[in-house]
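Next come two complexes built around chain A: one with chain B, the other with chain C.
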Partner chain A sequence: MITKWAIILPFIVAFIIPMIRSKLKKTHIGWIALIVPIVLFIALLRFIPQVAAGKVYEHTWQWIPSLDLSFTTYLDGLSMLFALLITGMGALVILYSIFYLSQKEALHKFYCYLLIFMTAMLGVVFSDHFIMLYFFWELTSVSSFLLIAFWHHRKASRRGAQKSMLITVSGGVAMLIGFLMIAHMTGSYSIREAIQIMPTELTNTLFIPAMVLVLLGAFTKSAQFPFHIWLPDAMEAPTPVSAYLHSATMVKAGIYLVARLTPLFAINQSWFWTVTIVGLMTMFWGSFNAVKQTDLKALLAFSTISQLGIIMSLLGMGSLVYVFGYSPATVIYTQAGFAALFHLLNHATFKGALFMMVGIVDHEVGSRDIRRLGGLMSIMPFTFTIAMIGSLSMAGIPFFNGFLSKEMFFEAALRIQQADLYSSTAMLSIIPVIVWVGSVFTFIYCTILIVKTFFGSKDKLPRDRKIHEAPKGMLISPFILVTLVVIMFFVPNFFARYLFSPAMLSLYPNTGTMEQLTPHIAAWHGFNTPLLMTIAVVIIGVILFKLLPKWRGIYNTLPERFTLNVLYDRGQNEVENVGRFMTNLYMTGSIRHYIIYIYLFFIVVVGGYFIKSDSFAFDMTKNAPIEWYEISLMAVMIIAAILILRAKSRLTAVVLNGVLGFGVSIFFVLFRAPDLALTQLVVESVTTVLFLLCFTYLPEWKKEDTPKYTKLINMAIALSAGVLVVILSFAVLHYDEFKTISGFFENAYELAGGANIVNTILGDFRAFDTMLEVVVLLTAGIGVYTLIKLKPRKERKKNEDQ
Partner chain B sequence: METMMILIIGVLVVVATYLLLSKNIIRIILGTALLSHAVHLLILTIGEVKKGDVPLLKETPGPYTDALPQALILTAIVISFGVTSFILVLAYRAYAQNKTDDMEEMRGDEHE
Partner chain C sequence: MKINDLILRTVVQFVVFIVLTIAIYLFFAGHYTPGGGFVAGLVLASAVVMLYISFDTDTVRKGLPLDFKIVAAIGVTLALLSGILPMLFGQPFLKMSSMNIQFPLIGEKTLATVMIFELGVALTVVGVVMTIILSISEGSDD
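Up next is the complex of A and B:
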């Protein structure tokens, strides 16, 4: 039940907040929003002992049973870890945002979107149904879009929001197709059932396509190379959003998906290769590019990309246990998976703190460009401490949690090197090298972050404002986070026991017990290779940082027009241009063209099928007899119809239309339809009067100056439509494949108590149709009324759609 | 009888279509009105005509002519009346706004 409420509660509050905003003039609305994550966090904490004992909570709510759509949620180790992350970080970020965002901002929207995001994210980690997972997955994209564009008056915000939306939603759609393939292969929409069934489907031809499509979803969401380009642009969002969505939670949805589906796909070795290599490339590319950034948030964005790459590649390395099959000798590979979960939480703590730190600097100094910052250490000592702890942890320096997971990362990479994967030793041996080089760049950008912001001279700082330490409220959240950074270094095994071990069971079900899957984390394990690698990272990193001006030039070797961003922009422009061109091709604004489309469709499709199916039929023998006065009526109608075409004045045309209408009503009389005849008479009279009324305001017809060939085309279309209607009607006239249903209504007196069959059909048998007919009339009436009453606009407002 | 009716309907459809394709807004509206006439007659005709008495129980002994097409047409007449009156007012409004009754001139600036 807790899972249901966890998903629903933020959603409910999200809708209450905009409503009560106007009532609470003085209080910051964030305090109300803050209650939600705190309550959920505490509620979830109470489940930790049971979950740590390996218990799984499940709850099913039947939604559409006939379509096999049920809403099953469950809480196991992995979803627990993520849920605590989402609610915990959510609480800290909302607390921080209360001091970050002033009352003047559109706060009700901000917290509404933020809580919708929380619902979506909790939905992603709790759902057991593939389609529900997809639904919540896209909802995170939508709320992320809204939050990035929160300051929508800025062009960069709108662009960033659009870019992130386009990339993550395209990935999401690919993922949906992958999910459908999985469901097709396993016959189940439940993630856990699919995991149980999948090993038997290894040879299915859909296996690899499904894997690729699902990974596309995960990689776009988690900003993996080459889809990472949206994340730096998403930094246009307010800083609390960047800290929450774009570093701690949403970008980890892809990590969650990969972790959750590892048991499903990892039996195939290509999963290991894809996830590991993409992760490592992302890790390297992110850290390499972070070094050249001058905007602190952009630097952190690339650093996040790089760290996500680390977690991704660790999950890939851990999946080797499935390739080799479980045995006491291979269980060691799961330690990479453990490191992934460990680093996931570590990253959330130190990166969250760093984002909040940058937010503080931006808030107090008014700039986050490192070329305009410097010497803040003495002005903002607390902020400096936070930045120091966060950066050192990120760089993998001892006494902070980042060191532990970084060491495990090195260890895992080294172990992979020794793995016995036939004929790929060269590829495997390069892995530790990439890992090490990436770590060197990580160290460099961490140093840049600290040194350029807090050391050096204060000369570059803006002089127009007095800079001081941030208000206490803003420091609380980052302070809690850095405290965690330190605590997790000293008691990692406590966190391992209660958070990571249960999650390991979800990551590697059916492989080992919780104890076998949990390594003992030790800060000191002798002078082994990982420690030597860390020392080398520090030494080389310091040297390279000192020499940075000398080798900065390598960032200019790749021409601007070949960067991924430019390629993306070009692609988007091309698509927009082609789209506009295609649309302009047929949306001409001419009603004649649109009517021609309709008629051509009718003639080509209906006529074409008619000819293809050879259903022409003509039979005069069953015709009813015809009288002389009927023939003369027909002649009158045909003459009237043709005369309309030749009518010189509109009055003639309307009178001729009246002749036709009254002719029709006489036919109704002849065909024994008195109700129709009466209605037709009334309607025809009123219509004619309406036309005449309208003529008071409309000008007399001009002679149509239509070119001859246009007239010919019109004639051709009109003739073919007429001919088609005629031959279709002949074919339908005596069609007797189905029995007529009209006999049913002849029981009208018994069934509906009325003697007039037509009346009973309208008022009883098909009363709903009649009601909707009245609705149509009412709508038309309202339309007529408003069109007449509305004052004509004097002049069109200029640039109204810009 | 039916054959003749269908031919008349064919003529009505040709005229209605031709009117729909013209520029003048009143001609287009007349086209829609004509098309409704044609369709009403069509529904009645292909249900086979003159096969019985007026569908009023108790008034005539029967057999009765098919009542279902009549009910359908009754609805259709009323709806087409609603639509015709709406587009007539729309035409008046469009003329008041744009000072033209030529649909080609109402296409807007970028197509001129």
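Up next is the complex of A and C:
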């Protein structure tokens, strides 16, 4: 039940916040938003002892049982770890944002989006149903879009938002198809059930496509190479958003999905290869590119990409235990998975602190370009401390938690080298090399971050304002985070026992006990290869940093037009052009054309179906005899219809059209359908008024000058549509593909308490139809209103770009 | 175009009430005899249209200060509510129920929740028809 409340509570508050905004003029509305993550964090903390004991909480709401749709949520070790991350970081980021964003901003919108994001993210980690997971997954994309474009008057913000939306949503759709394939193979939409059934479906031809599609979703979301290009552009968002969504939580949704589905797919070796290689490439490419950035936030964005690559590749390496099958000898591979979870939390702490640090610098100095920064150490000592601890942890230096997980990363890479995977030893042996090179670049950009911002001369700083240390409130959140960075170094095993071990059980179910899956983390583990690698990273890193101006040139070797960003832009332009061309082909703006499309479709599909199924059989012998008054009424209507074509003025045409309508209602009376007759009569009167009103807008009635050829074609289409309707109404009488439903309505009086069968159908038997029709009616009304009343205002368009 | 037709106005003043009565009759009759929410809504709308045709817009607006967009929205909400209400009592969505109640003067009558639904339909129809007609007749000038 806690899971349901955790998902719903932020959503409710997200709705309340815009409403109470006007009541709270003085207070920063963030304080109200802050309550939500704090309450949830504490509520979740209370479940830690039970979850650490291996207990799983589950709760189900039946939604549409007949369609196997239920809203099942559950809380196990893995979702607990992520939920604590989401709520904990959420609380710190909201606290930080209260001091970061001024009262003048559209705060109600900001916190509304942020809380919707929290709902979506908690939904992702708690859902057991594939479709629900997909729903929340896309909701995170939508809220991320809204938050990136928070300063939507800036063109770069809008572009970044659109880019992230396009990439992550395309990945999401691919993932949905993958989910459907999984459900098709296993016959279940429940993630846990699918994991149980999947081993029997290994030879299924859908297995590999499903895996690729699901990974596409995870890789786009977690900014893995080559989909990482959206993350640097997403940095246009306000810094609290970058810290929360684009480093700590949302980009880790892909990690979550890979971790959650490892037991489902990892039995096939290709899972190991794809996840590990993509992760390593991302790690290398991210750290390599971070070095050349001059914008602090862009640097952190590439560093986030690189760190996500580390976590992803660790998950890949850990999945080897499934390839070899579980045995006491192979359980050692799960340590990579453990390192992934460990690094996940470490990354959230130090990267969150670093983002907040950059936010402070940006806020106080007014620039985050390292070419305009320098010497801030003496001006902002507290910020400097935060930056120092965060960067050193990220670089993997001792006394900070990053060191521990980095060592485990090296160790896992070395162990993979010795894995016995048939002919692929060459591939495996370069893994530690890539890992090491990536770490060297990581060390270099961490050094750049510190040295360029806080050391050196103050000459380059902007002179137009007095720079001072950030207000206390802004320092609270990063201080809590860097304290965690240090604490986690000294008592890692405490966190392991209560957070990572239970999560390991979800990552590797049925492989071992919690004790077997949990390695003992020790800061000092002797002079072994990983430690030597770290020492080498530091030495080479310092040398390369000193020589940076000499080898910077390699970043210019790749021509601009081959970069992924240019490729993306060109692709987007092409798609837009083709789309515009296609739309212009048939969207001519002429109602006559649109009616032709509709009629042609009707003739081809409906008429074609009836011809194909040979259902045009009808016989008149059983029909009632036709009376003379029916014939004469019919004659009047036919004459009226023909006269419409020859009418010289619009008024005549409308009146003649009215004759048709009233004729039909007389027929209704003759055939004893008073309800229909009544409705038809009133509708006819009201539409006549409407017609007359519309005429004031129309140009003068002119003689048509369309070519004879077009006229003939139009006549043919009109005639065949009319003939088809006539034939259909005869044929329907004898069409018996479907069972008749009139039996349901026979005892309407007992079932619905009404003697008027028409109304009991409308209001009771088929009330759902009527309700939706009413909604459609309202939508149409609003549509007409907006079309006429709300014309685009030209002057507003001008100042959209600033 | 200014209409100043004395005969039309005088007749409309009486006829409107007759039409309104018919609308109310149709609404309540719908359960047993021809009629119902949809027709009642349309008839109501035609009564209002009649007023607008014979009098000028300002006069009608003064006598009938209604925003028909809101009327339509209330209608849809009522229809939805009548569907959701049964769910609170553990019944399926849109489950209709009825009860017989002894009224003073008019005797025993059946009260059914379907009436709420029908009222919603009627209000939506009036609201939408009037919104469309009024917005077309007023144009985009204001």
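Basically, the second predicted complex is superposed on the first by the 594 of 802 C-alpha atoms of A that agree within 3 Å, B and C clash if a C-alpha of one lies under 4 Å from a C-alpha of the other, contacts with A are read in each partner's own complex, and residues count from 1 in each chain.
Everything below uses one rule, namely that contacts are C-beta pairs under 8 Å (C-beta built on N, C-alpha and C of every residue); 3 or more make two chains touch, one makes a residue touch a chain.
Predicted model only: the values in this text are computed from it and were never measured.
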item: Touched partner set for A:582, first chain B, second chain C, both or neither; value: neither
item: A:756 touches, of chain B and chain C: first, second, both or neither?; value: both
item: Partner chain(s) touched by A:768 [first = chain B, second = chain C, both, neither]; value: second
item: Touching partner for A:689 - first (chain B), second (chain C), both, neither; value: second
item: Partner chain in contact with A:639 - chain B first, chain C second, else both or neither; value: neither
item: Touching partner for A:789 - first (chain B), second (chain C), both, neither; value: second
item: Which superposed partner A:717 touches (first chain B, second chain C, both, neither); value: first
item: Chain B versus chain C as contact partner of A:8, first or second or both or neither; value: neither
item: Which of chain B and chain C A:675 touches, first, second, both or neither; value: both
item: Partner touching more residues of chain A, whether chain B or chain C; value: B
item: Shared chain A surface residues [contacts with chain B and with chain C]; value: 674-675, 679, 683, 686, 690, 694, 697, 755-756, 758, 762, 770, 777, 780-781, 784, 788
item: Interface residues, chain B side, partner chain A - complex; value: 1-15, 17-30, 33-34, 37-38, 40-42, 44-59, 62, 64-68, 70-71, 73-75, 77-79, 81-86, 88-93, 95-97, 101-104, 107-108, 110-111
item: Chain C residues within the chain A interface of the complex; value: 26, 30-39, 42-43, 45-46, 49, 53, 69, 72-73, 75-76, 79-80, 83, 93-94, 96, 98, 110, 112, 114, 117-118, 120-121, 124-125, 127-129, 131-133, 135-137, 139-140
item: Contacting residues of chain A [partner chain B, same complex]; value: 588-592, 595-596, 599, 620, 622-626, 630-631, 634, 637-638, 641-642, 644-645, 650, 653-654, 657, 660-661, 664, 667-668, 670-676, 679-680, 683, 686-687, 690-691, 694, 697-699, 701-702, 704, 706, 714-715, 717-719, 721-723, 725-726, 729-730, 732-733, 740-742, 745-746, 748-749, 755-758, 761-762, 766, 769-770, 773, 776-777, 779-781, 783-784, 787-788, 790, 792-793
item: Parts of chain A lying in touch with chain C, wherever the complex brings them together; value: 674-675, 678-679, 682-683, 685-686, 689-690, 693-694, 697, 752-756, 758-760, 762-764, 767-768, 770-771, 774-775, 777-778, 780-782, 784-785, 788-789, 791
